[in-house]
Amino acid sequence: MRVEIRATAFDPWLEVAAFRRDHLAAGRIGASAVFVGTMRDFNEGDDVKSMVLEHYPGMTEQHLETMTQDAISKHHLSDALVIHRVGTILPADDIVLVAAFSAHRKEALIACREMMETLKSTAPFWKKESLASGERWVEKNTAG
Amino acid sequence: MRVEIRATAFDPWLEVAAFRRDHLAAGRIGASAVFVGTMRDFNEGDDVKSMVLEHYPGMTEQHLETMTQDAISKHHLSDALVIHRVGTILPADDIVLVAAFSAHRKEALIACREMMETLKSTAPFWKKESLASGERWVEKNTAG
Amino acid sequence: MSIQVRFFASLRERVGHTRLSIESADIATARDVWQAVSASPLDEEMLVAINKAYASLDKAVSDGDEVAFFPPVTGG
Amino acid sequence: MSIQVRFFASLRERVGHTRLSIESADIATARDVWQAVSASPLDEEMLVAINKAYASLDKAVSDGDEVAFFPPVTGG
C-alpha cells in the first residue's frame, strides 16, 4: 500500500507503471483499475485560472491510509496506490490518482470506485478556486 | 475515439498518457477511468505458461468500435480508448486497456466498467492456454 | 446460393476447418448453413455471426454472405 | 483543561484564526470548545475532528486534545 500527499505536479501514469513494477509480483495480478482526477479550466459555468488545495496534515494521510487498507481487506486486493496533490494547482494538472490491483477484474473495479467516493466525500481536502472575478471556496463535491 | 488490436506487447500507461496528450484538450477533462487486464501465470488452480489469443479480423474491430462509440454517446464522454492484444501472450503481459475520459468522474467510471463488461461478454476473442500438461481453451469468462 | 463459412477457436478445431465455401439451393437460414457443414447439431451456447454481426440461428442468409460459428468469447 | 483548536478552509477565514489554544474548566464536549471560541452557533454542515479523527459535536474532549472544525470536504 502507498498513500502520498504531493505538493508538486506528478505524472499518474508513470506512478502506476512504477508501482506495478516495484510493488506487484509479475504474473500475480490480472486487473488494474485506475482513476485520475484532473483540474478543469471550468467549474459551474465559470473559467477557473488556478486553485489552492488545502488539507489537514496528519489527519488527511491517516484517513487515506485507513481507507486504502480497508479497501484492500474488503476486496482482497493485491495492493493499492493513492496520490493526492495539495497547494497551488493549474488547469490540466492531475489532482488525484486512485489505483486498485487484484487477481480478477471485479474487485479492482469496485474498490477503485469505492475509494474515490470515500475520498471525495470524507477525506479532509478543501479547494479554493481563482476566477477572473476573485476567489471562491468550492462548497461541496458532486455525488459520484 | 481509438480502437486498436495489437499483435505485439504494449505499455498501457504510455498509451493512456499519449492519448490524453494528443487527443484531449488540456483543461477540459476532469476524469480518466482506466482498466488494464493483465495475463496471470495461474488460472483455475493451474500454472499457465503462455496463451494464444484468437480474434475474428474485421468483426472484432467493428464490434469494439461500435461498443466504444455507444459508450461515448450514452455517457457523454470526452473520448475513449480501447487496445487489445492478440497472438501469443506471456504472463505479466497486458492484454486489454479500456480508458474513458469525461468532465466529471461518474460518467468515466461507469463507462469504463460497462465497456469492460461488454468486451468480456461479447467481443469476439478466444483464449487458449498452454499448461505444463498441454493446451486448453478457456471455456467462459467469469462475470464482472 | 453461395455462402462463405468460418469457424473460430475450439469449434474450428472440432470442425477441422477454418473456412469453407458452400453452394446450395436449400439454404435459407444460418441453421441450414450449419446443417450443410456438420452432421451433429450446433451446441446451444455456440454463437453465430452473419457478415461479421451477431445473428440468431434462424436469421435468413443471402447469396454471398459470410456466416461464422464460434464458442462463447473469452477476451479481455 | 487545555485544548488545541484548529480551523480549516472557509471556516478558518471566517473565524480569522488557524489555531487557538484554550484553557477552561467548563469544557466537556467538542460543542463546548466551539462555544468557547465563537459567539455564533456552528453551521450544521460543519465537521468536527478530535485528535485527527471525525467526531460528533457531543463527543467528550480530554485535556490536551486537538479539536478541529472545518467545512464539507472538496478533495479529489
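Letters A, B, C and D name the chains as they come in the text, with residue numbers starting at 1 for each one.
Just so it is clear, a contact is a pair of C-beta atoms (placed from the backbone, for glycine too) under 8 Å apart; a residue touches a chain by one contact, two chains touch by 3 or more.
The structure displayed is predicted, hence computed values, not measured ones.
Asks: Treating subunit B as absent and keeping all other coordinates fixed, how do the remaining chains group by touch?
Replies: Without subunit B, and with every other chain where it sits, the touching chains cluster as A, D | C.
Asks: Average the CA atoms of each chain to get its centre, and name the chain whose centre is farthest from that of subunit B.
Replies: D
Asks: How many angstrom lie between the centres of subunit B and subunit D, each centre taken as the mean Cα position?
Replies: Distance between chain centres, rounded to whole Å: 48 Å.
Asks: Taking each chain's centre as the mean position of its Cα atoms, how many Å separate subunit B from subunit C?
Replies: A distance of 27 Å separates the two centres.
Asks: How many angstrom lie between the CA centroids of subunit A and subunit B, rounded to a whole number?
Replies: 23
Asks: Starting from the mean Cα coordinates of subunit C and subunit D, work out the distance between those two points in Å.
Replies: 71
Asks: Do you know which subunit A residues sit against two or more other chains?
Replies: 37, 105, 116, 120
Asks: What are the residues of subunit C that contact at least two other chains?
Replies: Residues 76 of subunit C touch two or more partner chains.
Asks: Please give all chain pairs that are in touch with each other.
Replies: Here the touching chain pairs work out to A-B, A-D, B-C.
Asks: Which residues of subunit B touch subunit C once you look at their complex with the stated criterion?
Replies: 37, 53-56, 58-59, 62, 84, 95-96, 116, 119-128, 137-141
Asks: Considering only the defined contacts, which subunit A positions touch subunit B in the complex?
Replies: Against subunit B, the touching part of subunit A is residues 11, 13-14, 16-17, 26-42, 91-92, 103-106, 108-109, 112-113, 116, 120, 142-144.
Asks: Under the stated contact criterion, what part of subunit D meets subunit A in this complex?
Replies: Per the touch definition, subunit D meets subunit A at residues 6, 8-10, 49, 52-54, 68, 70-76.
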